[in-house]
Structures are given as structure tokens and as C-alpha cells.
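Structure below; questions to follow.
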Amino acid sequence: MATETGDVADPGLAPAGRLRVEWARGQMPVLETVRERLARERPLDGLRIACCLHVTAETANLVLALKEGGAEVWLCASNPLSTQDDVAAYLLAEGVRVFARRGEDEETYYSHIRSCLASLPDLTVDDGADLTVTLHRERRDIIGRVLGGTEETTTGVQRLRRMEAEGVLGYPVVAVNDTPTKRLFDNRFGTGQSALDGLIRATNLLLAGKTVVVAGFGQCGRGVAERARGLGARVVVVEADPVRALEAAMSGYTVLSSIKAAEVGEVFITVTGNKGVFRKEHFERMRSGAVLANAGHFDVEIDVGALRKEARSSRRVRPMVEEFVMPDGRRLYLLAEGRLVNLAAAEGHPAAVMDLSFADQALALQWLAGEGRGLAPRIYPLPEELDREVARLKLESMGAEVEVLTPEQREYLSSWTLGT
Amino acid sequence: MATETGDVADPGLAPAGRLRVEWARGQMPVLETVRERLARERPLDGLRIACCLHVTAETANLVLALKEGGAEVWLCASNPLSTQDDVAAYLLAEGVRVFARRGEDEETYYSHIRSCLASLPDLTVDDGADLTVTLHRERRDIIGRVLGGTEETTTGVQRLRRMEAEGVLGYPVVAVNDTPTKRLFDNRFGTGQSALDGLIRATNLLLAGKTVVVAGFGQCGRGVAERARGLGARVVVVEADPVRALEAAMSGYTVLSSIKAAEVGEVFITVTGNKGVFRKEHFERMRSGAVLANAGHFDVEIDVGALRKEARSSRRVRPMVEEFVMPDGRRLYLLAEGRLVNLAAAEGHPAAVMDLSFADQALALQWLAGEGRGLAPRIYPLPEELDREVARLKLESMGAEVEVLTPEQREYLSSWTLGT
Amino acid sequence: MATETGDVADPGLAPAGRLRVEWARGQMPVLETVRERLARERPLDGLRIACCLHVTAETANLVLALKEGGAEVWLCASNPLSTQDDVAAYLLAEGVRVFARRGEDEETYYSHIRSCLASLPDLTVDDGADLTVTLHRERRDIIGRVLGGTEETTTGVQRLRRMEAEGVLGYPVVAVNDTPTKRLFDNRFGTGQSALDGLIRATNLLLAGKTVVVAGFGQCGRGVAERARGLGARVVVVEADPVRALEAAMSGYTVLSSIKAAEVGEVFITVTGNKGVFRKEHFERMRSGAVLANAGHFDVEIDVGALRKEARSSRRVRPMVEEFVMPDGRRLYLLAEGRLVNLAAAEGHPAAVMDLSFADQALALQWLAGEGRGLAPRIYPLPEELDREVARLKLESMGAEVEVLTPEQREYLSSWTLGT
Amino acid sequence: MATETGDVADPGLAPAGRLRVEWARGQMPVLETVRERLARERPLDGLRIACCLHVTAETANLVLALKEGGAEVWLCASNPLSTQDDVAAYLLAEGVRVFARRGEDEETYYSHIRSCLASLPDLTVDDGADLTVTLHRERRDIIGRVLGGTEETTTGVQRLRRMEAEGVLGYPVVAVNDTPTKRLFDNRFGTGQSALDGLIRATNLLLAGKTVVVAGFGQCGRGVAERARGLGARVVVVEADPVRALEAAMSGYTVLSSIKAAEVGEVFITVTGNKGVFRKEHFERMRSGAVLANAGHFDVEIDVGALRKEARSSRRVRPMVEEFVMPDGRRLYLLAEGRLVNLAAAEGHPAAVMDLSFADQALALQWLAGEGRGLAPRIYPLPEELDREVARLKLESMGAEVEVLTPEQREYLSSWTLGT
């Protein structure tokens, strides 16, 4: 039902959406605290915010917090497939201008972005930079009125950095993606748990005693390796950076080249950000029964094309498991067609993970509302004090306490820096 | 479709059942090795085996192994709700006499047991002892021809021990349940992983940093505590046996009474085998947001009745999560209505776990086929050598190796025992 | 200075001994609680106790507790090399009859045992059974008056069991060695920490990233493997029992035969209770730089004779490290001549470990004082309730709490056992 | 024996020194590989190097490697108390110009530095910057001929940065201290193990089940916390930075303020780099029996003065343990007088840790020998490729392998960075 106030699949789904949003809220205590403060202080009064985000229960809580802060919020989807229609319906019922339907085609997708831009936004929130780029391309007339924007993802920040480098970025943008509280949760703890969750849901494998190969030992790989070990697996790490590889070895992991790892592994998980991590030469060496999963952003880490080409036959043996019979009779099992296993076979990041990055988002927007007018059109980190504030709130919600330094201790530390 | 050769829901489901059975087979290398040996040696030639088991993909692999060993197998369900109809159909197509329909009523359930007994079995396989008890009650005429039986569960062994104590047990029974390779896997590793799996599927909670209370520190509780810690949680153990409690404390867990634990926990998992572990007085002290799950066999560990009675209101917020609003506004979340969370919200034990106990089953039956006639009608442990054989085969399948002692070492050990 | 009241190396060492005993007392809260109770109740009033124990600070606390319980204590050494002369001096000054000098010869050793027997003891305490055996051989005249005895070690219990089997045991003996609180601490936690401690003190090796081979996966081996992993090592387990080997594999350890392990290990620790675990064929395969340590009771686990014979040369490179140059130039390093590394290179079990077994000892003696007269001359376990009491006291001292079952829960459990 | 070629305590100690140096060499495979390369390529031919370092077995291996690379090495101590006289004697015998005596007074200390400067060095190696500063103050005449220098420590780099800022730095210096392979090992893995080692040697405490408070969650604190947990302790973290505190909480540690931690801790370890971490208000709350140790660089983290002032009495109860009786009778135990526990009570960093930083040193000097003339007088990081080379060599020595990217993968990564 498309109207000028919104376009959602079925407004009748609002009650179901409400349940979902409320459950997520229970896992998002930091955003909740920020919401209460926004509601009290109303720093966004009179501002219009155009958001292009995955329309999920977690996003709904961000959007409602911004609304309570005084903003008029317009929301479209950052990916046509991730929209939860019931959540969209609920937000519409709550007075948010929502333009998002699960499975919308590309044309609709962009028309929805344009509907949001038609709000003449003061602030923008983006996840992948499609809205920001569209604004810069098609609506140069309104760039001048935008106080600032935020960006949630690595990919989006990459795109915006190129725009900054080329001198075309029209207003200041906060790279929420790069702030420690966002990275720490998303990558190490979020991906760590959800990748294993996806693996287990897809296969019901017992991990105790299994040899699990984790390719990539960045923050994500570290998280996956920790969780696999925590579930009783013997973990083999494959890593091209020698310093990271050394840290893995010193942490008690076995560190092997991908070819050697291919011979000993029973489960393979890729989190490198690179392509072709496991390819023909690896498939030829893997043991029958090997399971392959990708937890990296793009579905290029496992060379599915090569697997398909080499295999004698293939068939789906569980909803998320495809079996490939190799010419010599060995059987390899690919999960979720090589796509991100934590999204495809599980539910992606827990709400507790989004709690931090969306609290970061809300604080970034409040900061831009106040300071944006005076900032040059560049990429900014989230001010460190805001990042620390989010960490502090999360700790409080966990019942943990940060140590407060005494004046003597503060002085000692600074004199150290100054070099007495 | 009930005929004299079987009664399954839909024979047309056989192809789907086949896929399921084959996937499970890939996770059951020990049973596979035993199957190959049985097929070669045919020690069950000419014997009829009546099996009362959960009709699942794992059971199918046991049944087919027995068939390849020469037996004629008759199969009924040990629980009306656990039957996988496609597996039943596939087994029927493979020539097994199957009497099992998902959701069959109690009358049908017992008529199916009677159909199996009509085979005049030489051996029985049981899971809970319903078939064995029915045979003893209703078919005393055929007891004399039974060489022996096996029993898979604690509950079943309990019932049979009472029969043994009362002198009514009519033939020898192997308590497969009690053998180390069964207990080790089922309890510590199987329940450990699957209880956490159920918790995460039901809630999508992030466990890192959460305070998880595990009530009970037997083999199951140990497994759950290890896995919760492995997922980054702070684990609190509640245990009534002081020696177990001490072991938990020495293992780095926080050990508290259930009342104190109620105040600090965020997630509560019961695995005690006792009732009312968390009850009114605990619900009154728990923090808002607390999540309660049971991983013990019966649904008595969390006092759901008291929760329902005390709560101001309740509603379902996710398929497996019920929210209870307490009179003071706190919200408590109960998973799977207090039933076994690993079965209700996940898929129960991985096939790799059943691999061991079903290999134990097959070896027990082979042993009874050979030795049963000469055994008194008592409960027997699985002969230690067979248990060790299963462990050895599992290790081989994992690429691990058992050390072989030299003759000098064997002599040294025995002389030690003999006391030189 | 030998007198009729005692024989110690130097009475002037008493003040130093006192410090040592008091420091140990701080780590022995359970024994301290028992001591307070004994002092209050005086259940040993008028009894003479002959103790044959390692004369250490921990033993001193046991002996003083018995004295406060009313007993007259006579003490000799259970090993000529383990006596701490300052502790012996302090105990003598405190009125204990002490016969122990570090480094005494065998003749003196036995004369000291005879001095203790001359007390005409009512109770005996033994560590290895030398006093008990001597009493049975040489003083059959006084067997009749002995109420009972206790034995601390596996070796001693073995000897006494043979005496029991041959019908020569003259009075009841409690096998303190076998009780759970003794085994749990001594083996898993005590040996676990102290073996690694000895290894590090001897070598100053960094364990992070090292491949450590642990031969033996009993309680001791389990403890050593846990601690090695906890220090960042990759742990390889060698084990001849398939069920234990399987548990190791499922716990995430790599399980290999000793020959394969020899090729990959960097550090080797034996805790098997067997001989020749690493021998010529292993030394031939080990990498240059390999370190060998024994944490088993006897110095037979590493075949030091073969190492000496095969090596081209050897020299001491650190106080506890001997380097062997093999014919092909590889260098192997043997710690503490293959003797128990935690005693030879570190300080043996922490006092906290002895706290439990000596509290067990004290409670066993109190029990024998009351019940001994009515007991047949056999080996007895420590009554379970006493073992649980010790566990309970330890938990209290750690600030942990045992759960107390409700009457309803007790009834549920017993009805379960009874089989309703 | 002071001559123009050197000044050591006793040349006769050379054989003992040799043993020590050779044992350390076995733990320093990376430096060994670098030494072989230096010996082959002789890049330091004709250069004089003045080194001011702790004169230990590990340093000896660096110095000998430089000598084999063609350099003439002059060595003085960077701390009068850390000189191993036997090592000094051995190096002198090997033709190194050594000026170092354990316990030398300040005057001698500086005269030794001047002796080294009299060599008219081409390169300098420093640990704390005393030699570099002396050179800049007293020998401005020779600054011009120095190609470059290196600095091993944080403190030294701080001093040099101030010189750089003031424009007085006379030649380029590589901050070896700041390179990843140095920090990773020294801080997390080196301090992690050695702090616990010192604690155990000093006290023989059993850590399993103990509550250990770690104050500071930087790299050092992380290492200490990991090792304490690995030894079975329950770990409480105190941290003033909220992002670090959050990471600790998400890693499963309990995070408390220092005051709350004081109430629950049994062992306290400080690694903050700050002063007065535990002070009067904490001592008042600690339980009797609490043990305090410092693993931070300076002895200011525990307020020993306050402890001494508040205590009713104190005495030494073990060589490294001082007992303080508080007015209310509680007893607190201070290790090593609050000085760095891993150096005072154990042997400091294992040789394996120094292997990396000294390989970094050698490569830095080779680089400066080649490039130094063309560099501005500033502080330089170790070129990343050299740091990676050291990591690679260490991995090789551990039998681990770094993954080698394919040309396609390299292109994919760079195109990602470039933004296609």
C-alpha cells in the first residue's frame, strides 16, 4: 500500500511487528538509555532524518529513539531482501514514514530512496551509501541544507572516502563503522557467535573434537576461532599476514597454509575478505565429508564455480546444505551456497550487537545536529568521548563498573606523557 | 497405510527419508564400520529383532546395519511424537517392518508395540522399556525364546532394575545406557552443545559477557557450563553435592546457592534431574529480562505453574519464548514452556553422538546373539572390551591414535597391580 | 640431637620452622576449622598417635591439630629426604615427639619408626605403609591395642590391600588416599599446576605456542593438559586407554601415538604410571631442542638409561637441565634426571592441596577413635559424609555455597531412585 | 679487572657464561637465523657498535650475531643490577669489548658508558636511552659520524621523542620498542606467563578456584588475565578505559571498580602503568590472606608506604613475601616489596620473548647501516617489512606456515582498497 506517507507490504502486520521490536528492545539497553535521554532533551526537534537501513526490529528501535528525540524520520531499505514487513508496518503505524517492502525490485528500491530524499532531510543515515550517493548524484539542490550524515558499514565508508578524495563529498559524514564499540561487537563477538550458530543450524554437527579450519585471523576470524575452540574443536588458522599468523600461533592455534589445512580440516570457515580462499586445488585435497562455510561479507571466498565444475554431481541434502560428489567419490558439503552463513542459516547479529552500533548512530546524529553546520565536508570518526560513553553505558547495563581515576592518578599519567 | 508388513504415514515420503538417513550416516562413521563388519560376518543371520526406538534418521542407520548383519528387523516408535515419517517410509521401502506414525495416539502406539512382538523376536531393543515391559506382561508365552535385549535410556534401565529386583525379568538385558562411550557423548558433549544451541535458536541472545547460571554439575551440567564459558559467558554453578560443587569452584566457576544465583543471573539453565530448581522464591528475585531454559529430561525443573500463577500477564514473543510480566513489572522469559530446550528449540543430539550409542547397541546385540542363551536373566553392562572397541573406532574415524603398550609396559602395569 | 623425646637436626631452627608452618596454615583453612573443632571437643584425649609422614610445614599443621584434639603425637619421617629440619625443630619445641633428620640413613630411618612404635600407639598415620608394615612385622605384641590407622598414598594402600587379602592386617585402616576430596585436589589440580611450575622454573621456557605432549590422560594428565593449554600451548595427548583417549580428543586435544607425538612435540611430560613411555625409538625421532620432564611418581617413565647410552655426550646446562647431544647432533634436554619434576624443580603440591587430604586425615582419626574398636581389621573408605564435610568446609573457605535441597526435592530424588 | 679492552667482574667465569648463552640460544631461533645471514653477508663489516643493554645471556646472543655480521661491538650495562657477570666474562673472552660489573656504582656505570662512546661508534643500541643521551650531552663532537641508533624500551623512546620534539636529536633512531613483534611478545605473552610464574614461585599458591584481580587491561593485563584464567582462577578485571573494560566484560571476565574488587579478591596483580592502584582505602577492605603483586614497570602501583604506615606490624614469611598485620588483625601479603614480580621473584621474560625483539634489533641495525646516512635525524618505526620478516622466521621456527596469496588474490585485495 503505497501512499505519500509510506509504502509497506501489509499494514495489518503491525501487531506482529510490535512484538518483534519490543523483544529486540529488551536486548538493547544502551540504545534504550540514549532514547530516554533524547526524549528528555529533544535535541533533534524540528529536524528531518532520512534513513536507509535494513528494516529490522533493531533498526526500528533506533528510528523510534530518533523520533522521541524530536526528529521526523523517513525510512527506506538498504537491501531489498532484509526488510521485515511486520516491522515496517509497525513503524508506519507509529508515525514513521516508511518506504520498504521485502523483495522489492531495483526500481522500487531506488524510488523508495528518492521518496526519502523528498523529505528534504537535515540529516542522513546510511548503510552502504546508496542514499548518500543518490543524494549527491540526483539532488545536488538539497546538499547545502544537510547538516551531516552517518554511515554504518565498511563498504559504505569506502565509497564515501573515494568521494572525499575526489572532492565531491557535500557534507560531513561520521564513519560509525570505524568506531571501536562498533567494530569490537560486530566483528569479534557478533560474527564469532553467529557464524558458529549458522554452521550448527545448517548441519547439526557436533563440534567437539572436530578439526575446524578458520581462514582469516582479523577481528572476525579471531572471534570465530575463539568460539570454535570454545565448542571443543581443534582450530587450524590460515592467515597471510605474518604478524597475525604469529599471534594465532602464540594463542595456541595450529597455523597452516591453506593447502595443508585442506588436508586436515573437517570444517572450513572463511572470514578473510579475499576471494578464492578455497578453490580447485583445495577441493582436490579435502577429506570426504568436509563442510565448507563462508562468514565473510561477499560470497567470493569459496570458489563455488570451481566446486560446481569439478563435481560429478550435486544435490541438496538439508535446506542449507548442498552435497557435491567429486570424481573420486569424495563428498564435500557447501553451506548456504557460499553466502554469509550467519545471515543465511541463522539470524545474523544478535540485537545486543546492534545495540552498540545504533547507540553510536544516535549519538553521532545528536552530535551532527549540534556541530554539523561548522564542520568541513569530510569523513569524521565518532568523537572518542561518545564512543567511550557508549561503552560505559553498555558496562552499566551488564552490571560492570569502570574504574574512576583519582586526581593524583590522572596527574601521574599526564606527567608521564609529558615526560617528567 | 497399515498392512501386515508395516504401518507408516505416507510411503511416498521414502525419497526424502533416504536423504535424511544418508546425511546422518556421514556423521556416524563408527556405526558404519560396525555395519560393514556385520555385513561381512552376518552374525545375526536368521534372527528376528524387535526394536522400539525413536524413528529417526540415526535409528534408521542402526536398523539397516542390523539388517545387513542378517536380521529381520521389526520397528515401532518409543515416543509417538518423535517419528520422522519420511524415515519410516524409507525403512519400509528397504524391507524393514515399520509400525510408526508421527502423532499416533496411545492405543495405536501400543498396538504397534504388539505388532512388533508378533514377530516372535529373538532379540529386543528398547528405549524406555515399553516394549520389554509389554512383552513381560502380555506375552509371557514367548519370553523363553528371547536370547536377550538392550536398553538405551536411564529411565528404561531403572524400570528393568526393579523388574530384576522383583525377580520377574525373563531374559538378559544389556544396559547400553550405562556404558562410558554412551554417557560421555550423550551427556557431556551432546547435551553441552545442543542445550546452548537451543537457547540461541530460541532467543538469538549474544552469550559473550552474559552471566549464565547452570543448575546441576553432573556430566550434563559440566557440558553445558563448558560450552557457555566457551561462548564467552561468565558461568555460575548451583549444585547440591559438595564434592561436585568443589570441583566446579576449582574449575574457575562461581558457585552459589540458587537464591543468590537468582539475583545475579541473566540466563538460567537447569540440568539437575530434580524438580522445582527455580520456583516462586527465585522468580521474585530475578532481574527483569532473565531467560529460563530447562535442559533436564523432565519439564519439572522450572516451576512453570508458579510462574504462571505469579505473573500479571504473559504472551508469546518469539516462537519458543514466552514473556511473563511480574506484579512489579519485571519481565521473565521462559523457553519452550520449560521442556527440554535442546529438543524443543534445536534438533537434539547430533548424529555424531548417536553414532557411539548405536554402535554400542549393535555390538551388544551381536554379543547377545552369541552369548545370550548362556546368560542368567539379569541386567548386564556392555562388556568393557566392546565399549573400548567403540571408542577405538571413533578415534580412528577422527584421525586420532590410541597408544599401544609394549609387552614390557603391560608386564610392568600388571606387576604393579600384583604388587611386586 | 637425639634424646628420648625426639631426634632432630638442630633445635635452634625452631623459629624459622614456625614461620614456615604459619604461612602454610594460612593456605589450609579447612584443616584450621577442623583444628578448632578438635580443640573444642577433644575427641583424641588420652590417645597416642604414631605418625609416619613427610615432615613438612603442612604435616606440622596436621600434627598440631591432632595435639589440640587431645592426642600425644609421635612423628617420624616417611622419606629421609623430604624432612624440613626447621619444621621438625619447631614441632619438637611445641611438644611433639619428633624423630626425623633430613638425609638420615636407612638404619636411622627405621630406628625412628621404631621409636614411634615404642609409644604404644592407639592410632597410626602412614604415608607409604612403612610404619604399619614394621608394626605388623616387629611389634605383633602391640597390634591388639591399636584402634585403627590411616594411609595417605596409593602405594601404601596397595601394600595394605595385599596384607588384607593375605589375612594378616591386624586393625582397621582408612584409605584416605582413595577419597574424592583427596584425589581431586592432589591429582588434577595439584599435579596440574605444580608440574608446569616445575617445568618453567627448570627452563624458563615460554609455553605460549609450544607443542606440549602429555603422556597419560588420567586425573593427573588431565590436570597437566588443562594447565598447559591454559598457558597457551598446543597440547598433544598420548593415552593407551581408548575411552580416555576419546575424551581427550573430544576435549579438543590432538591424540597421537607416542611415536608420532615424538616427531611433533617440543616439550614432553609423562604422567602415566607406566615405564619406558619415552625410550630409544622416541629419542631417535625427537626434534633438536626437545625438553623431557616426568611428573609421574617413579622415575621410570622416561628411559634415562637409554638416553645416556645413545647420547654422544651430555652436560648440565642449568641446575635442573641436562643436555644430551645425540649422534646426529640433535640436542635433547632432560629435566631433574627424570624424577618427579614438580618436587625436584618446584615445591610440590601447594599447601591448599594438602589442606583437604590432611583434613580428611584428621576426620578419619576422629572417626577411628570413636568407632575403631568395633571395626573388623579391613581397609575402609573414609565415610562419605566426612568427605562431603571436607568439601563443604573448603567451599565455605572459598566463599562458595552449596545448594540446600528443599524437603520436596529430597523426596522427589528418593522417589526417583525408588522408582515411582 | 678493568683494562682498555673491557671491565668485568671475573674473567674466570667465562665457561659458566658460555653455558648460559648457549642455552638461551636454543630458545632464540629467529635471532639464530638472522645471525647466520649476517655471518654470510657481513653487512656490518668495519662498523663499530656501542651497545648499552642488560648484560644477559639473551643480549650476548645479539651481540655475537652483530659481531659475526662484521661489527666491532662495545657493550656496557643499561642497569647496574641486571649484569650476569659470567656472561660478561664470556663475551669478553669472545672478543667483545665489555664494560659491565653487577652492582657497579653510578659513577662506574657512567664511566662504562663513556668507555663505549670512546669507540667512536657508527651505530648505537640503547635500552632506556642513557647512552644516547650521554652521547648527545657529552660527545657532540662524534654525533656527526653516527649512522643511526636503536632503542629497546618505552621509557627510552619517550625520552628520545622529547629530544626529537626539541630538535636536538642528532641522528636517526629506530624505535624497536614500538614494533608489533616486540610488543606482542613482550607484553601479552611474556608478561602474561612470567607474572604468574613470579607469583607462584614467591608463594606456592594454588591458583585453581582463587579469585584473582588484575588491575589494567592493556596488552600486559590481557596476558596476565588469560594466564590466570588458564590456571583455573576466577578473574576480576579493574580498568579505567571503558572500551577496554567492555572488551574484558565481553571476554567473560568480571569487571569491577578497584574498591569492589578489593572486597572480593584473594590475589591482586597490578599492570596499569599508573600509581596508587591499591592504596589505603583498598587495604582497609581486603580479606585477611590477600596477596598483592605488581607486574607493572615501576614500583608505584601498590602504595607500599601506606601499607607500611597502616600495618600494626610486618615480617618476612618467605623470601619474597612480607606479611602485614593490620590493626584489626587481618593479614595482607606483599610480594617482592611491590617491585616487578616477574623479575624479582622469577627470571623475567623467557629467551623466546627476547628472540623477537633482538632479531628486530639486528635487522634495524643492518637497515641503518645501509640507509642511515640518508635519513633525517628522527624517530623511525622498524620498516614494516622487517617486522613481518621477523614474524615469518618465528613462525617457521614453530613449524607454522604463513599463507601465500595468489596473484588473483593480491589483485582482488588491492582493487578493493582502490575501490572498484
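Residue numbering begins at 1 within each chain, and the chains themselves are lettered A, B, C and D in the order written.
Just so it is clear, a contact is a pair of C-beta atoms (placed from the backbone, for glycine too) under 8 Å apart; a residue touches a chain by one contact, two chains touch by 3 or more.
Keep in mind it's a predicted model, so treat the numbers as computed, not measured.
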| item | value |
| --- | --- |
| Reaching chain C from chain B through chains that touch each other, fewest steps | 1 |
| Chain pair with more C-beta contacts, C-D versus B-D | C-D |
| Chain whose average C-alpha position is farthest from chain C's own | A |
| Rounded Å distance between chain C and chain D, as computed from the means of their C-alpha atoms | 38 |
| Whole-Å gap between the CA centroids of chain B and chain D | 54 |
| Residue numbers of chain D (touch at least two other chains) | 189, 208-209, 229, 232, 249-250, 254, 398 |
| Contact graph of the chains (line, ring, star, complete, other) | complete |
| Of chain C, residues touching chain D in the complex | 19, 22-23, 26-27, 189-190, 192-193, 197, 200-201, 204-209, 211, 226-227, 229-232, 264, 289, 315, 317-318, 321, 323, 331, 346-347, 350-353, 398-399 |
| Contact set on chain B toward chain D in their complex | 208-209, 229, 232-234, 249-254 |
| Complex interface listing, chain D residues touching chain A | 158-159, 162, 180-181, 184-185, 188-189, 215, 238-243, 245-247, 249-250, 254-258, 260, 273-277, 300, 387-389, 391-392, 394-395, 398, 400-406, 408-409, 412-413, 416, 419 |
